[in-house]
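Common to both upcoming complexes is chain A, partnered first by chain B, then by chain C.
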Partner chain A sequence: MDKVMSNKKMIALYVLPSLILILAIVYIPIVLTGYYGLNEWNGIGPMKFVGLDNYTTLMKDSKFWDSAKHSLLLAVFSALSLIVYLAIAMVLAAKLKGANLFRKIYLIPMLLSSVAIAQLWLKIYHPTSGIMNTFLESLGVNNPPAWLAEPSLVLLALFIPILWQYAGFYILIYYAALKNIPTSLEEAAKIDGATSLQIAYKIKLPLVLEVIKVTIVLAVVGSLKYFDLIYVMTDGGPNGASEVMASYMYHTAFRAYDFGYGSAIGFALLIICLVATWIIRKLTVTKDTIQYS
Partner chain B sequence: MMSVGQADAGAMSPKEASARRIGYVVLYIILIAVAVLQLFPLVWLLLFSLKNNQEVFSLPPFAIPTHPRWENYRKVWEAGNIDQYFINSVWLTAVSTALTVILASLVTYAITRMRWKGSSLVLGLFMVAMMIPVHSTLIPLFSMFNRANLTDSPVSLILTYVAFNMPITIMILLGFYYALPKEVEEAAVIDGCSVNRMFFRIVFPMTSSVLATTAIINMIYNWNEFIFVNTFISSDTLKTLTVGVQNFIGQYTTDWGAIGATLMISILPILITFLFLSDRIVEGIAAGSVKG
Partner chain C sequence: MFRKWTVLLLTLCLVMVAAGCGGKDESGDNNNDGGTTNAGGGKVTINFMHLWPEGVSAGQNKIVNQIINEYQQEHTNVTIKQEVLDNEQYKNKLKVLSASKQLPDVGVTWAAGFLQPYVEGKLFAPVDDLLSGDLKDKFVAGTTEAYNIDGSTYALPLEFNIAPVYYNKAIFEKYNLKAPQTYAEFQNIVKTLADNGVAPIALGNKDRWTGSLWYMYLAERFAGQETVAKAIKGEESFKNADLLKAAGEVQTLVDQKAFVKGFNGLSNEEAKSEFLNGNAAMYLMGTWELPNFTTNEEIPQDFRDNVGFFKFPAVDGGKGNVNSWVGGPGVGLFVSENSKVKDEAKKFVEYFVTKWGEQSVTGAGVIPATKVDTSAIQLPQLYIDLFNEMNQASSITLFADVQMKANAAETHLNMIQALFGKETTPEKFAEEHDAAIKKGS
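Coming up: the complex of A and B.
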């Protein structure tokens, strides 16, 4: 067995195609992004090495920091919304009939393409015929706003469909984690006279803490690099009010043909995502990981 | 299966039981409210895809059209290249998914069964790749494909789809491979079975259920992919449904029925798949996100 299973040729045959592919498509481009960022380049012509120029410009670029602020705001919103998702998952996991059906229904928006969702929400926000304003008018609101055209409202208006899209995903993850808790624990606590709230807070929450950490990373990093809905719905507008880091990178490279500076933004995005992951991991380190069962 | 509410009711005083019942009603109201929020936009989409503009503007939003205008669907299917986009999406999704699942199975087999230095390093490379934002790779990928004359070619899409979906596929497969009993394989080796034969004849078929799960997850991601097609592909005849729909709708900004029908056509394959395979999809998404 050992001899057959350590045949170098076979191992290479099984591993190399995938390994080469991931190096070529994911890792080499990451390094190249950092390098392109050191150049002045329109994407087609020759590159001109300019050292750290792009990166120093980036540090002073108020447009970049605005876009970073918008991305960060989305990250905060997404992270806070996790509390709601966890609460819903706890309700679902309380042995209710139909829980399985509910979690499936919740998941549907996440399975659809961002383009379709974005186009649908463009219609929902339509100033006169969209269901958002029709609904507000039926509640007696006069002159509801043109959501996507108001610089002060556009970010909020974009966050709602993004949260809508991913709600089911996080509820599903929490539900799966909660279902893994042995029921004997809950029963024992009940016999000792614990209330449902106490059980949720003192027993279930600590047990799904690891999963909560993973979802915080997913939500924050996912938000920092978020692109799709915003690109289709507002394209960063009006006047940059909804520009996020990824859309700023895209516009700089593929609209303004400033590939050097665009690469610098892309590299900054990568670093920011990795640093955010690291910080969240650090902040959420618990000294004593609880192990029941 | 009895719910806890009913099971416990017998042991409680009537007062407690009714308090508990009210509690359950409140919980159900919350769950139903969330479900309504998640589904209403889609129901509304279906409704306006069957209306003309006059009906959209004059009827209440959730009014069911008296004469559903199915011709909206025929109109958008025949106009433009929606059918072409559809076919492109189908074959790109199929090829990328098949390649990802096969390549990821080979790697997972090598990592869980074969003895070699660097196996944990390679696994680490695949897992870390999940944290890397695709947008940071976009410019170099564009210029690499440009130099290799692969922009505006489906090859660029297949390569990127396979590479970016490989990590999550391996992650889902890993758990299954670790749990797979090795006795059969040991017996096969003693009988002189080659590695290839063992993998393709014994192991690969044994993983068919998890393969189905990963295939569906891949299918959904590939079908919905937007940014790579949008960046790499410029010929209309090579575009996929997601990007094609985006361009197509641009021409119909004022025709609500046509836009609704186009969107419905683009999401229907996913909705139908979900209807039949929701358990596998749920399982795949849960497995692909947490075990990290």
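Coming up: the complex of A and C.
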């Protein structure tokens, strides 16, 4: 087996099938999308080449930039919430009674399908019979807001279930990373008189730094291209107040029959994601990875 | 050593080629299918895609299966293969299939604006020959026109809908109210209900076309049917004083708390349940909801007995007519231009439309686009009343989002949400409409 694996041609042969699949399913469509973006096309009839028209329209399209702003806001919130998840994971990773149960509790939302979560939160947010407003009314709040119908509140109201949905995922990743830290390090620090806060900050945090970087990229890129809960819960409304880039792309292509422009939005979304990843990579670069053992 | 790898690679290539052939073989078979049809008497498969899943539209689904079974018994050489999707998925799939020119032989379409790109892309076959054949004069006047583009008809309508305002008689009685004859009376009802803490109108404006219905009625009642039609065609500005008044009236209603709380975030289904639960007193919706208020056993009998309807009242000094309705044909059947079994498919469509007209009234409670003799069948009173109203209609204004081209329709629907949410003024609302309609496409 070693012999086979050391043969370059053999490696090429084994890599080939998945390479072809990825090319056909991911990379070629990306190039095609970029090309469709150069055309005026209703998705059905013939295409008309219009050069960079769609992209120049995009630059000036306030609706697109509004949706981009909403996506960015979601990205910021997702990235910030990682701090909370890390803290929770640290508590769970400490040998705490009942930690196992809590870990499961946090993970369960991740097992639900997006549509189920959306339906659940639609019920919670229902303006007259939802838990949220019934609760607020019982606290004596007069006329609580209709969460999903207020342009100023709708984004915030959507962020909560979105963050809630992915909390378990990140907590699990951090938990696994923290469990990987050898206990000997912690014991040694304790003998030297370190407090648990110091242990968390000086020993655990640097050791899971690589994982943190990966999760930041995951959270930011995932937020930028986020679609499902928003599509089900508000469909980008009211009047675009909760439109994100992916939903704007969908509406343009599938509702307004503008596949050319829709493709241009999709391509712009890809570029924005790439740039965001690159920036995060640059910002979080460390000279060398820390290793204590 | 080298030879071994060459052999391996060659084998791999062969496998791929074989796989490729497999794919081609299949399409070859399809071609043969088409070929034998022309010879006549051979086996024919008609692919039929529709949007009546068993769970959501039980009545319709049953009729479809019944008609297909009967057709297959009468034409033993024909097999009809169904593909059933839910409304939204259906629309998406149709678009994707049309991009790769793989539309089903027979499918469901909507009228006017929805139809346009498919016709321009030469994907639907004209069905004029069917209209001049056995189906001549079978359709209710004004239904097939909505499927007519540049002189040819591209689909045959199945349903015909108008939108009355349904109301809960029990709530009206409790507050001593009567179905309104004038708009002033209507406003009084709204005020009385709102003052008593009852939501006057159930509206799920997350779906946007629901709010569009209200605007369309107000526009018709203030400005008259012709002006509305012209404005939508781009021959008249939405800045027309009467149309501005209509848009302003929408916001007045919002200010009077006429609509359920949070209507811009509620879907039509959620709003409907407010009406069905007796939380809201009125509900403006198409006649496709009739089964829920007449025959649907899942809804309590006492509620169904309490549902009445009234015509959208005329406005004082308005140019509209109280007998003018907002509505239009629902869905129709098309035959794919690229179908290999076009003639067979057309025959099936003809058969389907005829049978549908006979069965859908009693079976699904929908109003078919074909003429039906109601005296011969037992029908709920609400249904008969609406049927009579429809026969007296002075004009029918087609749903705005169906009439407009896709892009303009999107703007219209978004602006409706903004207008109801008071994020825009009637003037700005009109401006955006004019711009979108002028832009076309």
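Following the convention adopted for this analysis, the second predicted complex is superposed on the first by the 274 of 293 C-alpha atoms of A that agree within 3 Å, B and C clash if a C-alpha of one lies under 4 Å from a C-alpha of the other, contacts with A are read in each partner's own complex, and residues count from 1 in each chain.
Please note the rule applied: contacts are C-beta pairs under 8 Å (C-beta built on N, C-alpha and C of every residue); 3 or more make two chains touch, one makes a residue touch a chain.
In this text, all values refer to a predicted model and were calculated from it rather than measured experimentally.
Novice: After the alignment on chain A, I want to confirm one thing: do chain B and chain C clash, or do they fit together?
Specialist: clash
Novice: Output check: A:F254 vs chain B and chain C. Expected answer is one of first, second, both, neither. What do you get?
Specialist: After superposition on chain A, A:F254 lies in contact with both partners, chain B and chain C.
Novice: If we overlay the two complexes on their shared chain A, which of chain B and chain C does A:I199 touch? Say first, second, both or neither.
Specialist: neither
Novice: Is A:G168 touching the first partner chain B, the second partner chain C, both, or neither of them?
Specialist: first
Novice: After lining up the shared chain so the two structures overlap, which partner does A:G43 touch, if you call chain B first and chain C second: first, second, both or neither?
Specialist: A:G43 contacts both chain B and chain C.
Novice: Who does A:G237 touch here: chain B (first), chain C (second), both, or neither?
Specialist: So A:G237 only meets chain C here.
Novice: Applying the touch criterion given at the start, work out whether A:L178 contacts chain B, chain C, both or neither, answering first, second, both or neither.
Specialist: Neither chain B nor chain C is touched by A:L178.
Novice: Check the contacts made with chain A and report whether chain B or chain C touches more of its residues.
Specialist: B
Novice: Applying the document's definition of touch, where does A:S113 land relative to chain B and chain C: first, second, both, or neither?
Specialist: first
Novice: Could you list which residues of chain A make contact with chain B in one structure and with chain C in the other?
Specialist: In chain A, positions 10, 13, 43, 128, 254, 259 sit in both the chain B and chain C interfaces.
Novice: List the residues on chain A that touch chain C in their complex, please.
Specialist: For this pair, the touching residues of chain A are 9-10, 13, 42-46, 122, 125-128, 146-151, 154, 234-235, 237-240, 251, 254-259.
Novice: Okay, in this complex, where on chain B does chain A touch?
Specialist: Residues 1, 3-4, 24, 27-28, 30-31, 34-35, 37-42, 44-45, 48, 56-57, 60-61, 103-104, 106-107, 109-111, 113-116, 122, 125-126, 129, 131-144, 159-160, 162-164, 166-167, 185-186, 189-190, 194-196, 199, 220, 223-224, 226-227, 231, 241-243, 245-246, 249, 256, 259-260, 263, 266-267, 270-271, 274, 278, 281-282, 285-286, 289-290, 292 of chain B touch chain A in their complex.
Novice: Where on chain C is chain A touching in the complex?
Specialist: Spelled out, the residues of chain C in touch with chain A are 5, 8-9, 12, 91-92, 95, 98-99, 117-118, 120-121, 123, 199, 205-206, 208, 260-266, 270, 274, 279, 406-407, 409-410, 414-415, 417-418, 421, 423-424, 441.
Novice: Touching residues of chain A toward chain B in the complex: what are they?
Specialist: Within the complex, chain A touches chain B at residues 1-2, 4-8, 10-11, 13-15, 17-19, 21-30, 32-33, 36, 43, 88, 91-92, 94-98, 102-116, 119-121, 123-124, 128-129, 131, 134, 164, 167-169, 172-173, 176-177, 211, 214, 218, 221, 224-225, 227-228, 231-232, 246, 249-250, 253-254, 259, 262-263, 266-267, 269-270, 273-274, 277.
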